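Naming follows writing order (A, B and C), and every chain is counted from residue 1.
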Amino acid sequence: MSARAEETRLARIAYLRRQQPRPWFLYLSLLAIILAGGWAWTAGDLYTSVLTASQRSANLERFIGKLTPAPVQASGDWSDFRPWAMELLVEGEALKAVGMTLALATAAAALSGLFALLFIPGAARNLSTPRPLGITGGRDTFPLIWDIINKVSRLAFVFTRSLPEYILGFLLISILGPDPWALVLALAIHNFGILGRLGSEVVENAPPRPARTVIAHGGGRLGAYLAAILPESFNRMVVYFFYRWETCVREATVLGMLGVISLGFLITNAKAARSFDQMLFFVLLGALIVLAGDLLSLLVRRWLRVER
Amino acid sequence: MPKTSHSLAPTFHFRKVECRYGKLKALTSVSLSVERGEKVAIVGPSGGGKTTLLRLCNATLQAHSGTVEILGKCSENLHPRQLRLIRSQIATIPQDLGLVPNLRVWQNIVSGKIGKLNLLGNLRNLLAPSKNTISKIHSLLERVGIEDKLFARTAELSGGQQQRVAVARALFQEPEAILADEPVSSVDPARAASLVELLNDIANERGLTLLMSLHNLELARNHFPRLIGLRGGQVHLDQCPQQIDPGSLEALYRLDADEILEDG
Amino acid sequence: MLAGTYRHYLGSRRATLLAITLCVLVSFWLLGLNPLRLFSGNNLTLTRDFLLSAFQPALDYQKPIEGAEPFLLTVISTTLLTLRFALLAMSVAIPCGALLALLASTAWWPDIRRHKMLGWVLRPLCLSSRIIMAFSRSIHELIWGLLFITAMGLSTDAAIIAVAIPYSGILAKIYSEMFEEHSREAQRALQAIGAGSIVAFLAGLLPRALPDLITYTFYRLECAVRTAAVFGFVGIETIGYRIKLASDEFHYREIWTYLYVLFAMIMVIEWWSRALRKRMET
């Protein structure tokens, strides 16, 4: 090939390259992430510890020494483990705590799901517009209303999502007193935001044909939502429900630290009493429940044949 | 190995090949030979074994009995490295095209050489290609008629344009042969014809072997000097289109009794 | 045939709903069926105070403190500390999670029917990383924190590691699911033209999964900010710590300031994630 042809080709390539907009936003984001990471690592300690290294290792030694169950440590025989564990489960109220943990999670997931379902049609961009699903809804006296409904429900979702369960639980208990329902409310408020957002994405991505048919036959937005979109995306919604239930179980184990009987409560008590063997037992029990919850959620997903 | 004997060997040589998926026989006793530079269309009903035949040709599938020779090399029991070497000499355009939609067009094309380079070479090509490479890609895109799309995101291209990207990737590979499995089943008739023509022209220019499975008999008859008809895993016909009589074509595509029942 | 599957489908739906309802009723019963006792007597006025304070978040201490740092400065430094904690935890969790995810996924494996020896190495690695993954995320970050604190006292490293352990597990789980879920057509096409399995994974699958990976990582960063705030309750002076102090004094307006700050941080992260995703997809 002649040098001249090659030159025009290179010029053409340079031209094409200039035509394509540069992804400045990506570059800047990358730079920002690197800078933020560097800042985080170089800006000093998060917490200035008062302990010296030797105190620390002494602590660690004592902690590890007390991890084996007390009767086993005394007799050196692991057959003493069973009665000890049984006693903790029944008389130490661990079973009750497990039940409470699961009940907290279930009640919270159900409440948040129910309320999210009420807000979802408002937050879904394809429903709360003057032209639901691309079909004109006739002349609206006040078309802006849909925009407002949309913005408000979205804001409600983001705001509730941004409040961590633990802080909500703390605030609610300090206001309402130590009642399990305060914790249910805390879990439900946070998960309302998450389920609402996931649900409105499901509604936005649902196949529009059936819903359009409902509207074309004179139904309203709510009719389309209840009769076409919800049945259509039932499986996906249930999968999300179980996904959040799974995380609720995980979260409920720690919310007990705020002073209501659940595993977290037993863990903090055991820590305060310096019975680290019991503490470890409760921690592992909690892990077991979370794993069981994971498994159940996985089985439901399989059963409904939807991937998350 | 002396170069001459290598170049004399047929591109693909099947001897009594049988291939099964579990118990189901996808190909039985297939013997055929495709010479260098030959252009062949593979036709036949669904489930006839076209895809299976093509997969044997790039050694992504192993025959259960009989021998498959690719470029003079028996494809059985090869060391993985030799296997990759053979595959890197055969370009494959799968039906789904196998492009990465969120990469740029040039990045998809540059991965044509992926089997010929090592990890570092590939990374360099994908992330910081040389001027020569880009210029080469531009010339290939010019050949397939979409040179303006060099830096475009692949997902933004139409289906027909994406097919051309896949062709350019095959060309960048500098292969000995091109395999294409139903490359035109998802575009309109005019675009289908122009793509088949393009591939034919390219094969002629560069003396490449071209093996294409087609559902469109018309296209196959108009553009290919040789047709292989597969039905029930057997070679039903292997002729040039002028010699084929209508009766045998009808027999190739005839519905079996059980298929008719299933439909009704 | 068709009617049969349809009926089965309906049945499974009804059964799911029924089972969920039943479980919910049992939980309500376990919790005591009178949620309304929450809002009795004095609680009601407290609740009203708290909610009304939402409309007037504090810009200064509700009760001035002699010689203390100005309120807004405290807010800013608390926010920065919270953010820094989240970033530190994530910068440990992301590489660990990615490594675990690679070990736990089969997407980049060579054909182990051909490489028998490799299979014997890869399979146990995969299994053990899956076990590590499940175990590390089944214990809540606060409990990890509690364990570390009781074992050797609170320190920067202990806090970071306590969050990074479960976060690596969760990231690894989601990453590996994404590797398995994404369509393999490009990867297969590259293998058909002679690419090794690792190269085909890097060039064919990874770019495809990248937008999803990044979106999820940002969501995790959002969670990390919340977790960092909660770690205020174990002694690190993040937002949670300030909220706890303010709550002890019933300074509800100060609490709302911090809640709004948290909200703003989450909004910014979400906006950023959305903007990135939009630019990577279209």
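Just a few scattered comments:
Following the convention adopted for this analysis, a residue touches a chain if its C-beta (ideal position, glycine included) is under 8 Å from a C-beta of that chain, and two chains touch if they have at least 3 such contacts.
Just so it is clear, the model here is predicted, and its values are computed rather than measured.
Under the stated contact rule, the graph of chain-to-chain touches is complete, every pair of chains being in contact.
Of all chain pairs, the one linked by the most C-beta contacts is A-C.
The centroid of the Cα atoms in chain B and the matching centroid in chain C are 46 Å apart. In this assembly, the C-alpha centroid of chain A lies 47 Å from the C-alpha centroid of chain B. Chain C has its Cα centroid 6 Å from the Cα centroid of chain A.
Among all residues of chain C, those that touch two or more other chains are 280. Against chain A, in their complex, chain B makes its touches with residues 131, 134-135, 138-139, 147-148, 150-152.
Across the complex, chain C is touched by residues 23, 25-26, 29, 36-37, 39-41, 43, 45-47, 49, 51, 55-57, 59-60, 63-64, 99-100, 102-104, 106-107, 110, 158-159, 161-164, 166-167, 170-171, 174-177, 179-182, 184-185, 234, 238, 241, 250-251, 253-254, 257, 264, 267-268, 271, 276, 279, 283, 286-288, 290-291, 294, 300, 303-304, 307-308 of chain A. Listing the residues of chain C that touch chain A in their complex gives 12-13, 16, 20, 23-24, 26-28, 30-32, 35, 37-39, 43, 46-47, 50, 81, 83-85, 87-88, 91, 134-135, 137-140, 142-143, 146-147, 150-156, 159-160, 177, 181, 226-227, 229-230, 233, 235-237, 239-240, 243-244, 247, 255, 259, 262-263, 265-267, 270, 272, 275-276, 279-280. Taken together, the chain B residues at the contact with chain C in this complex read 58, 60, 80, 84-92, 94, 96-103, 111-112, 114-116, 119, 122-123, 126, 153, 155-156, 173. Residues 110, 114-115, 185-186, 188-196, 198-200, 202-204, 207-208, 210-211, 280-282 of chain C touch chain B in their complex.
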